[in-house]
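Some structures to go through are shown next.
Each of the two complexes below includes subunit A, the first together with subunit B, the second together with subunit C.
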Partner chain A sequence: MSERSLQHKESFITPILKQNPLFVSILGTCPALAVTKSLEASFGMGLLFTFVVCCSNVLISALRKLIPEEVRTPCYIVIIAAFVTITRMLTEAFLPELYSSLGVFLALLVVNCIVLGRAEAFASKNSVFDSLLDGLGNGVGYTWAICLIGVIREILGTGMITFGKIFTFIPLFRIPILKALDGSFNYSMSVFSLPTGGFIVFGLILAVIAAIEGRKKAKEKIKLQAEMKAAVKGEK
Partner chain B sequence: MNPMVKKYIKVSITLGLIAGICALLIGMVNWLTVETIAKNKILKEQNGLKQIYEDGNPEEMKLEKEYQYIEKIWYVKDSQGEELGYVYKTSGKNAYGAISMLVGVEDGNLGQFILLEDTQTFASTLEDNYVSVYNAGEREYSDVSCGATYGAKLIRDMASEALEDYEGRVL
Partner chain C sequence: MNTTPYIYTFLLAIISSCLIDNVVLSRFYGICPFIGVSKKVKSAFSMGVAVTFVIILAALICWPLYHFVLLPLQIPFMDILTYILVIASLVQIVGLFIKKFSAPLYQSFGIYLPLITTNCAVLGVVQTNTDTALSFGLSMANAIGTSLGFLLVIVLFSTMRERIEEYNGNKAFKGVPIALISAAILAMAFMGLMGIGAK
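And now, the complex of A and B:
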């Protein structure tokens, strides 16, 4: 694989797992806690976020040689705000339920630190294609992360997963998963539907990730020590 | 020309160009979506009226005075011409966003609340914790709800104005 293709691949893959904006860089946590009440809302937010970050990355990268250094941040904010406004209009027209469900958090994408961060750190220094891939990678990384929080909160909060409530073009159906103590499907634990539940689930996921990382590091340390011991023995 | 002046002119032209590109994009999307958004709003209003009085024939009334929240009033009759009740479209704002909703009033009592627009910070919380619970008959409208307290207070005030107007008309 050529160096250029490797760079393209890196731009797309790295933000999905290794440098996940939400779980690794802990950015964009506000909407991740507020709108992840259900899988559908999380997926919708992820889609819109991906659209905004891709479009703003592409335009900023295309204009990077034209934008004066001294006023680059206001320029980035104007471009991001324009794409957020466009996204709001399109969502209000074609996905009104999603628009209502996201509320103010759709408009707040203007000040989302991932979008501005990618513009400043990547799009302003790289080609249009690489910036598009970076935007896509960050979008996919953020989308799967908030969908994971959303699915856990929806199952723990309502005991089921509902489809068709926000994306009304698909028929409404529910997949019951958890049963109440009396054996019926009338399960509900409203704390997980509130922002508190978002904090709890987000904290638990971060704890699991930290535990996995810690175990990985410990294993690497043991391996390194064994290699050093073997090298010392060989010298003797 | 002074190099600083030259630089200022360059920066101004660049900023103007970027603002122009953004304005053009927003203008194009607005032109594409403005009709659909307006249609969606009317459709939502009509669906709300149907949800409150399924078999009713709503007749929009002329507003005779200025209200704080009430925007439209419908007098609803059934197919035989018998009165079913009134529906009020109320809209209000607070520091957390705007709310627009339909309030049904029948025999001096508040009926269903239908949210048409809700841009409160935790938009869905208000619907789930307050409006749905009220519509299910499990809450008084005068109660406010934790998690959506400010939105709930605004809804209470809008519903109270609708009720007062109904009482003024009928009693």
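And now, the complex of A and C:
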């Protein structure tokens, strides 16, 4: 029992940090650069992504014994495309601002490598509940990753964080950071709202992650060497 | 009413979708192969040619399919499903075709063919063609321009990357991070072309 719950926990936790789909596996980069001009749009994208990946994971894992091995990829694509169509219609009906700000990238969820990758690597081999958790974990991992890019780009590009522009049910308000609301100072750099900024921010984040990983590895190496030395001394 | 000759509009649409509104650097389609398959000039070129081929064929098939099948049947919401199936089968057929007629060609870009199905550039072009209600001529111009733009940028970028790989820089930036930063500089250079269309 405890071993099973451990596995459930694992399939939810791993994709959030250790196997983050965007920062570690570097998958799903197109929407991560295209819709991250603002925090709200990124969050909306993350939410819809989570919904699609959970639904497709659950259905694919439920049908995993029925789908023949040879034609599995077309089957997965059709299932994913069906869920994307549903998501698209719901978004257009209930959150039209989000729909127009995501544009064609909502339809492009079909060819998002993470969704198909999860279907292929996880949902086709594991139980329904595990696949649901895996979908949720990947959704959360992807959402926080693109929200991080979105918040950095929005602060640097427009000088403030705006809420309520896309999720219109919350009142519109702005948090000024680099730019005053009355215009007394303005340190924003509009290049970060442009495509160039997306590449720069994503590249720098990946570099920071690589630096942290490198430092961790170096520390482990030193520790290991010290232990070896101690062991050798002890033997003597 | 419209005095500019059609061919002028057509060529302008090609240039605009190829250079000004470049597929990778300003519309962000196809970043995955752009980062993944750009380490060598040769493989980047093969990938670019294969993508060009599939995009043009897909646009050629999907536009009539949307306007003469989906719209009369009043099921335009089925567009994504239709397009992805067309693209997936197209990629398979192209692969079989090349395998049959030219073995060396198949060897050079056969392995990249399955990757094209999940290249968002293909679905992105087809989807924008019908979403923005372009005419058949202009949607073909969009497809040609976009695919040429992809080919141009992936080859340019792979030549840059071949040099970068040789350079021993900061360890943290090695690989993808420095590739993204140099893509940003390339994007900045392409921003300079924005003036062409506006005049």
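Observations, loosely collected:
The rule is simple: the second predicted complex is superposed on the first by the 226 of 236 C-alpha atoms of A that agree within 3 Å, B and C clash if a C-alpha of one lies under 4 Å from a C-alpha of the other, contacts with A are read in each partner's own complex, and residues count from 1 in each chain.
As a working rule, contacts are C-beta pairs under 8 Å (C-beta built on N, C-alpha and C of every residue); 3 or more make two chains touch, one makes a residue touch a chain.
None of these values were measured; they are calculated from a predicted model.
Contacts of A:Ile114 after superposition: neither subunit B nor subunit C is touched. In the superposition on chain A, contact is made by A:Ser193 with subunit B only, not with subunit C. When both complexes are overlaid on chain A, the residue A:Leu206 reaches subunit C alone and has no touch with subunit B. Of the two partner chains, neither subunit B nor subunit C is touched by A:Leu22. Put simply, more of the residues of subunit A are touched by C, taking subunit B and subunit C as the two choices.
Contacts of A:Pro68 after superposition on the shared chain: subunit B is touched, whereas subunit C is not. When the shared chain is aligned, subunit B comes close enough to touch A:Leu102, but subunit C does not. Once chain A of one complex is fitted onto chain A of the other, the partner contacts of A:Thr85 extend to both subunit B and subunit C.
When both complexes are aligned on chain A by C-alpha atoms, subunit A residues 34, 74, 78, 81-82, 85, 89, 104, 194-195 touch subunit B in the first and subunit C in the second. The part of subunit C that touches subunit A in the complex is made up of residues 25-32, 35, 77-81, 84-85, 88, 117-120, 122-124, 127-128, 131, 170-181, 183-185, 187-188, 191.
On subunit A, the positions that touch subunit B within their shared complex are 34, 37, 41, 59, 63, 66-68, 70-71, 74-75, 78-79, 81-83, 85-86, 89-90, 92-94, 96, 100-104, 193-195.
Residues of subunit B touching subunit A in their complex: 10-11, 14-15, 17-19, 21-23, 25-26, 29-30, 32-33, 36-37, 40, 44, 97, 115, 117-125, 128, 147. Residues 26-27, 29-31, 33-34, 73-74, 77-78, 81-82, 84-85, 88-89, 104, 107-108, 110-113, 116, 191, 194-200, 202-204, 206-208, 210-211, 214 of subunit A are the ones touching subunit C in the complex.
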